[in-house]
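Take a look at the structure below.
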Amino acid sequence: MIQMTLIQIDNYGPWTVTPAPRAEADLQILQSELYADLQRQFAAKGGLVFFTRFDNMLAITNNVDMEDHRRIQKSIGNRYPITVSMGVAAAETPYEAQRDATAALQNYGGAQSEERKEVLAIDGLVNKEDSFVQIAHIDINGITDSLTDIIPAYDTSFIVNRVQHFLMKKLIEKGSLVFFIGGDNFMSPCNGLSPEGLLKIVEEIEDETNIALKAGIGKAPTAEKAANLADLALEEIRGGVTYDLVHVMNKK
Amino acid sequence: MIQMTLIQIDNYGPWTVTPAPRAEADLQILQSELYADLQRQFAAKGGLVFFTRFDNMLAITNNVDMEDHRRIQKSIGNRYPITVSMGVAAAETPYEAQRDATAALQNYGGAQSEERKEVLAIDGLVNKEDSFVQIAHIDINGITDSLTDIIPAYDTSFIVNRVQHFLMKKLIEKGSLVFFIGGDNFMSPCNGLSPEGLLKIVEEIEDETNIALKAGIGKAPTAEKAANLADLALEEIRGGVTYDLVHVMNKK
Amino acid sequence: MIQMTLIQIDNYGPWTVTPAPRAEADLQILQSELYADLQRQFAAKGGLVFFTRFDNMLAITNNVDMEDHRRIQKSIGNRYPITVSMGVAAAETPYEAQRDATAALQNYGGAQSEERKEVLAIDGLVNKEDSFVQIAHIDINGITDSLTDIIPAYDTSFIVNRVQHFLMKKLIEKGSLVFFIGGDNFMSPCNGLSPEGLLKIVEEIEDETNIALKAGIGKAPTAEKAANLADLALEEIRGGVTYDLVHVMNKK
Amino acid sequence: MIQMTLIQIDNYGPWTVTPAPRAEADLQILQSELYADLQRQFAAKGGLVFFTRFDNMLAITNNVDMEDHRRIQKSIGNRYPITVSMGVAAAETPYEAQRDATAALQNYGGAQSEERKEVLAIDGLVNKEDSFVQIAHIDINGITDSLTDIIPAYDTSFIVNRVQHFLMKKLIEKGSLVFFIGGDNFMSPCNGLSPEGLLKIVEEIEDETNIALKAGIGKAPTAEKAANLADLALEEIRGGVTYDLVHVMNKK
């Protein structure tokens, strides 16, 4: 089972314009430092956070317990002008886990409620024996030579965004999520997805967009280890160890 | 004229996997802190950076001169394990500015060249009299009540991404760019775009996606001031001062 | 027993002047961000880091195991232009623990050795049952009214430094350490020191410098908890719960 | 003339214990990130900040005007749970400048006043023609071989603190300030101090403490450039270009 946490900034929309709109540069710094900060704290326990919308972040949190969540929440409250609420749930697929985590938090009030503050809403936590995370690290082939070094930077980012859009659309049907992690890279929490299932999607996207992808899949008890195995699988594709476009590595 | 800078991490792809793939959490922290850091430094001169692909960032840099660019570049080189190269250009539209900034940098070698390091490639800088930035701050109406508080967090982010995709596709034809800035917000450097032109796009997107948008437009000599005016225009729409979905504010 | 870790930047002196002296502002940012970063990571496991010399930091690390140290070390190596080595030891007093931690690291080569890199030298770790940390939080009485609001800022900081110097001199004889933690505050890892011993020192300092101090003492299995209890003890003195200038709180 | 700014966290003492004492690790992170943040922003204009007490920081701010101060103040207020007030003054010596900057701020209320918030109290600013900063970068000879690599880390830091104490005591009489900048390094804003005056102090300290120092002095219109020249002067001593223990470099 995969455990996911929704991290939501409390009443953030109104705050950004009170008493007057705050400088966008400051909001950008605040958001990205908050994300980096949460990442560091969840990573210390083997978790992995995705920036998602920045005001709403989704994280894989197998091995991160209730006390850890509380400590992180308090630490943010002590150092930022805003606070965060969290919802946590565990399920067979990432889609279900984030859905239940969201619902758990929604129960306590809206994102712009003035009362809801530093809520920790736990629908369920994974225990050690059932902890299982499957992650696919999906990457565009040779983006540097074919795009980055040739066409304008914005056009490349437009293509990357388009690929993301296709990936999201196709993977959500399998209960899998897709997050952009920078460059030409996507990370997909995908418990329950078969390598063949992913390969089919990769092939469809190549047909529709003319962009060739490759994907390493890792399976392990924590996001940290699963992501690392996915990276190693990707390197084996890059290194020619395998001809498959989707390659799996399990924790030995 | 708008001045744009492309900031590119030198030879970053290979670095992320040398000697072995680096922990994804560390890369995420590195990327978002680098972005926050650049933002703070460009903002000190009235500029505004967009995270774009994180390994390639685009910035509006009117009022940021050559010496400023150099100082920022050196400061990053002193504090990170990586270095950055930059391309700078000025043009009538944001699309052209980023295109020429990219080309200026590409001239010096590829993003994964082992020789190219800390290059500053200046195609052109805007002088004070010609400095002009137009920014639209585009926002989804009532996302909190209609999406965030009701449906799963991932589904909301999927819709936001879809809106971004439509915006990018339509605005690029006008020479305007679109960047996601978190939440349900987009910022569009859009010199040359008329309010009517933007309104038409907003209406088309509502037709196609059923998502209602609003947009504040600001015009000023720097990105900082233009963004601030765009925010104020957006607040006037929110406050009911105007019934228009696209509202403009000029620097007095 | 208290466990302490010495964190030393590898070959830092030469790096600061290669190829030419790096901007002091950049070094200051690098050093304080590195410190904040380490603090966050050690704190996630109940540890506490003191900035000490910035290029050499001492930390109380009960409950932080070998794997944690490794992860932190790697994470720093992935995100900074420098690497860190560490020495770890456990002993009855903080003085002995840092002495043995230092010696363990010194065995592997000098601070400016070109070969020594990312060493983790473990002399010993505390096990759960023996884990015990005693911390005194020492504070100047009424510094705001008597100094900060009246005399020049530099003069106040001079007095604070003088108090620190006296505290260090007197406490080292008891096997206790003293670190400046900002404002008018000092934190003293002080396993083995009696409240009466500390009171005597506080009284001597008042005689010699005319500065009145108070101190809360906390005792617990981790630095985090001991520091928290010390803070609570200090608040009880502030609140008039006790007339003693040195007040102790134990973990219930 | 040298321009100095006192940066003071508003009502910080009470905040640290409201509603209950905040985790010391969080306060340490907050303080050092705030310092790094201010450093980056002042450095963008050629200024240099010293951490001093962390809740009260002194900065050399020649070339940083009123608008810059305001922007920095607002930017901090947008991203931290606390706000900062500032006092600014210019004078012939650093001591006088910080004294007048402190007095300017004290006029507006105490450091723990509940009313005083985000005050900018300007006693005076330096104009371009009169802008002059003299900085000495003072360093211990061969600390690595003689202390760091041989004795316990705490003992070395005790000696460094002792040297700082002597330096502060002797330099304040000349109207010069001394700040610890990490390692075995001190930076002294010292307009008006002659090289011979500093040499005498260096020699006295060697007599009294047996610690040999060297010092590079830089003179320039901004702190950034003066510090850089001081570093270069220090390197010339290290490189054997001069036998003097105090060596001066002027801006060409």
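A, B, C and D are the chain letters, set down in written order, and residue numbers restart from 1 in every chain.
Following the convention adopted for this analysis, a contact is a pair of C-beta atoms (placed from the backbone, for glycine too) under 8 Å apart; a residue touches a chain by one contact, two chains touch by 3 or more.
Computed from a predicted structure; not experimentally measured.
J.: Looking only at C-beta pairs in contact, point me to the busier pair out of A-B and A-D.
T.: Output for the comparison: A-B.
J.: For chain A versus chain D, what separation do you get between their C-alpha means, in angstrom?
T.: Their C-alpha centroids are separated by 42 Å.
J.: Starting from the mean Cα coordinates of chain B and chain D, work out the distance between those two points in Å.
T.: Chain centroid spacing, chain B to chain D, equals 36 Å.
J.: Just how far, in Å, is the C-alpha centre of chain B from the one of chain A?
T.: Going by mean C-alpha positions, chain A sits 22 Å from chain B.
J.: Give me the residue numbers in chain B that touch at least two other chains, ranges are fine.
T.: 23, 25-27, 29, 33, 40, 43, 75
J.: So that we know how the chains sit together, what is the shape of their touch graph: line, ring, star, complete or other?
T.: It is complete, because no pair of chains fails to touch.
J.: Give the list of chain C residues in touch with chain A in this complex.
T.: 37, 40-41, 43-45, 68, 71, 75
J.: Chain D touches which residues of chain A in the complex?
T.: 22-23, 25-27, 29-30, 33, 74-75, 77-81
J.: Looking at the complex, which residues from chain C come into contact with chain D?
T.: 6, 8, 12-13, 17, 20-21, 23-29, 31-33, 35-36, 39-40, 42-43, 48-49, 51-56, 58, 95, 98-99, 101-103, 106, 110-112, 137, 144-145, 148-154, 156-158, 160-162, 164-165, 168-169, 172, 177, 181-184, 187, 224, 227-228, 231-232, 234-235, 238
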